[in-house]
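Each of the next two complexes has chain A plus one other chain: chain B in the first, chain C in the second.
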Partner chain A sequence: MVSSAVLSFARSERFALLALVLAIAFPIACGFRTYPLFIAAQFAVFAMVALSLDVLMGRSGQISLGHAGFFALGAYAAAILSARFDVDLLAGAIAGAALAALGSLIVGLPATRLSGHYLGIVTLGFGVAVAQIALKWTALTNGDEGVHVRTIHLAGIVLSSPLHVYAVAFVALAAVAVFAARLPRTRLGRAFAAVRDSEIAAAAMGISVARTKVTAFVISAAIAGAAGALYAALTGFVAPEDFGISQSLLFFAMVVVGGTASTAGTLLGALVLDAVSQGAATVGGLSVALIGAAIVAVALFRPAGLKSLWRRGEGSR
Partner chain B sequence: MLQCSGVTVRFGGLVPLDGVDLHVPDRGLFLVVGPNGAGKTTLLNVISRLVTPSAGSVRFAGRDLLALEPSALLYAGIARSFQKAELFVGLSALDNVLVGLDHRRVPERAARMRALGMLEALGLGGVAHVTAGTLPHGYQKLVDLARALVSEPKLLLLDEPLAGVTAAEIPTLLRAIRDAARDRAVLMIEHHLELVLELAERVTVLDFGRTIAEGPPETIRRDPAVIRSYLGGKAVEHAW
Partner chain C sequence: MSILPQIVLSGLAQGSLYALAALGIVLIFNAGGIVNFAQGAMAVVTAYATWGLLNGAHVPYPLAVALALGAAFALGVATEMLVLRRVADAPPLTQIVVTLGLLMLLTGLVGIVFGHDPRSLPELVTLPSISLGSLILVPSEGFDLAVLIVLVAALMLLLRRTKLGLGMRALSQDRFAARLAGISLTRVLSLTWGIGVALAGAAGILAVPSTTLTPATMDTLVIYGFVAAVFGGFGTLSGAIVGGLLLGVVDNLIKTYLAPELSLSVVFALLLLALYVRPNGLFGRAVVRKV
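Let's turn to the complex of A and B:
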């Protein structure tokens, strides 16, 4: 039993590495041209958000159907700080993470009383509200004209080419992946799982259920917010249409298709879904339809998601 | 050490507990018995703060327990097990037990050693790394006990620890309970009286939310009210 657990862990790491290597190698195989670099860096940013969502959904057992809202808060914070004050990307990412974390309290505090469908509705509404505010608060956000980022510099070094942003994005993704993979083996990760699996037993074990739920929201949103700042640096421009329901749906699908409570599964899910949505991007509406179809297919045929490729005996959880 | 006075719980028209008094000293095994619906689990839930009584007081080591949050009880020295185990099903058996130590911020390595030692003492060393939700029910109950016991509580509440445990595991479980009661108070609900009555120092018999008898096992065994109510006036030898 023990040896098979170790074996399956190693296999999951292999799948995670495979996903990362494929994504990193793609622009190299394309001869470092700008567009492949952009696509790969965008995958890294989206995968960070997917991992942050799995921390919330898979690890702490809460749902978010509006994660693009936290992503948007981070992107706008960094973009506006850059456009107006020429703020460094690192500071922008910290500000973005902080703003998203603050936003998560709006959702996370009611989350201590809500669960399941009701929490789904609240987070969905939050995501829609953030995109609407970005559209309507033109004095701050320029509405649908968006915000143009000024020169991107990180800790004083100017990131002049897509190659630089690509490198930064994958370093950031690796950091988030290591955090997400290690979380279950920490005291905090166990508290998340305890609240997810049995609130009454969690309380009996000295865990404050409400505080733990809010903590999960804050951490998840902060990561999504930092990813948003990277996204602003990558695209050089943020506008409301990048942060709609379909974007939240994409993040949700990455986690569900990959398999909740699995870092490797989420990475693989992110790769598959990102490839699908990029591949279908030229035909209007097709990508959203395929994302929806992927969620339905997984729910019907492989409830455990792609992680069931290497993890067995977990049924549909 | 634990003092319940006049504890009354009302759910609408139902009165699962009606003025129950209970005193549990520092050490030993204290048994609460009674037919289904007698209010045993409700009493345990009151003490562990899952149910707030409409009247009465619950004090532990001089403190008013009713003023505490459920998550404060472990810090006060009270741990419990559950009738249906209530394990963290997605975690390994070892991680479940580790949660029982997490409130003390024991360094990870030392905590792992202690949790593993606790599992081994209950014969669960071989399944330490198995996902708890996939374990057979009897094993889950043992993990639940290990999780409560590892925190070294002053008062251990056990809700039918023998229910669903296979015959092969019962001696280990009884030994663990007896050892636990040596240097702490154990308050236990259990139906398998033939197995646990001899271990108990005192027994409280509940019926319809009221205490109908209280005393050492040998008295309880012969109490006419107990025989009438709990045993339906027959099959005494069989049930005991």
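Let's turn to the complex of A and C:
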């Protein structure tokens, strides 16, 4: 027991070190060119959303098919605050996280009484509704013309080069990854797992099932919202078509293909699927078809996802 | 002169499509306990098959529709046999994952094969509108309702009068007991999937003339189908029909009197409200969970 705990600690340390080296080596390897840095930073943002979704799905056992909705709330909050009031990115991210957390109460509160398929339908509807409101509430969001972000500054420092944004995105991703990896060993994380595995047993142990479920929604949405603010800073522009059903399903696919309830698995899933969706984006429909096929294949042959490649025996859940 | 009756009538016509979509979802859910999130993509495949037969092979329209519905049936049967059967005993999350994967796979394939340019299908019935006083009867709307009535009647006959229907009803009550009584679980399940997907396909074909056909067209239709099914209390066919018709009317009222562009959002809000007040739908019975 002790040795395996030490081993897993050493392994996660090694994984973190590897990730750090890669994150520092990448800009040098690509010669600080704008496009690769942009793509990498975008991956970091998407990976944050995937991790936030894993906190909800993997850790607390609640499904969301509308995470692009929370992502959109954060992105629009930050973009509109920046465009109208030249608000700092840090404040924008906090506002985005808060708005997304508030939005999560809309689905999170009924979610305490729903599960499985119902929750899937409700969250799917939520994602679509957010995208539709973003498209139609033109006075606030500019409709399909989108919102252009002003100069991006973080805590007063102007982020002028792509490298700056890259650095911010990866520091944020690292923070979220550490949080997601530590969560299962905290009191809250254990409450999540208890509710996920048996609501009745959790309630018998004195855990408030409803409060735990809502908490999971709020935390997950807040992270996705903060990631949305970063996305707005990264692209400098937000428009409704970035937040449709397909984006929600991409986040969902990242978690499922990587493996639920696994931080490293979700990161790997995000990396693989982001690469697929970038690489095949030029052919209409190809990336969607490939990702769909990947999901079906994973569900049929490796229900535990890519994480089962290195964590054998845990694939049964 | 009030336009209210007109709005209700068009709402019922639109609602009959939601009812068809909801029926397909509920039928499949009752038999196997799986919510098919790919139902919309399958409706898209059916509509594109019709379009291809019509414009590529120059098949007469009614025959093209019949062939496409046959293809939808085959698609449903094949999906159950090749994919869903393998996850029949898996946790709900895995089942949701599989149907979502199918949704993406089919949407993507349709995009690759047919491209993303909007297509259209002609109206199935082209008769002049009839006015009854202030009320205008649009034949295509009447046709939508007629299709719903005919298909529901056929479905009722199937469920009440045939051995397959008996099997389907038995399966929805108790799978284990149904098997003990000698019902072939696999056969009934795959045929149910075929019928359910064909219903979605019918809704898809009927929906296209009044909008345009793209790989993502049916997203809205199916979300409405889900909402209708939930309104009715997932699991009852009559609930799906009433839920669908009601949703069509409510949707049309919102579009006319409130905000045409926000109908989906308002409908979603109604769904949340309905679920919060009655988690088992308007007509559903409370599920008692035993410890």
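Here is the rule we go by: the second predicted complex is superposed on the first by the 287 of 317 C-alpha atoms of A that agree within 3 Å, B and C clash if a C-alpha of one lies under 4 Å from a C-alpha of the other, contacts with A are read in each partner's own complex, and residues count from 1 in each chain.
In the analysis below, a residue touches a chain if its C-beta (ideal position, glycine included) is under 8 Å from a C-beta of that chain, and two chains touch if they have at least 3 such contacts.
These numbers were taken from a predicted model, which means no experiment stands behind them.
Applying the stated contact rule after C-alpha superposition, one finds that A:R187 touches chain B and leaves chain C untouched.
In the superposition on chain A, A:S198 makes contact with chain B only, not with chain C. Of the two partner chains placed by the overlay, neither chain B nor chain C lies in contact with A:A139.
Once the two complexes are laid over each other on the shared chain, residue contacts for A:A155 go to neither chain B nor chain C.
After overlaying the two complexes on the shared chain, residue contacts for A:G206 are found with chain B alone; chain C is out of touch. Here chain B and chain C are compared by how many residues of chain A each touches, and C touches more. In the superposition on chain A, A:A29 makes contact with neither chain B nor chain C. Once the two complexes are overlaid on chain A, the chain A residues touched by chain B in the first and by chain C in the second are 200. For chain A in complex with chain B, the touching residues are 1-2, 5, 184-187, 190-191, 193-194, 196-198, 200-209, 261, 313-314, 317. Of all residues in chain C, those touching chain A in their complex are 29, 35, 37, 83, 86-87, 90, 92-94, 96-98, 100-112, 115-116, 215-216, 219-220, 223, 226-227, 230, 234, 259, 261-262, 264-265, 268-269, 271-272, 275-276, 279, 291. The residues of chain B lying in touch with chain A in their complex are 48, 50, 69-75, 79-80, 82, 86-92, 95, 98-100, 102-103, 105, 108, 126-131, 133-134, 147-148, 151. For chain A in complex with chain C, the touching residues are 57, 63, 65, 106-107, 109-110, 113-114, 116-118, 120-122, 124-126, 128-129, 132-133, 135-136, 200, 244-246, 249, 252-253, 256, 260, 283-296, 298-300, 303.
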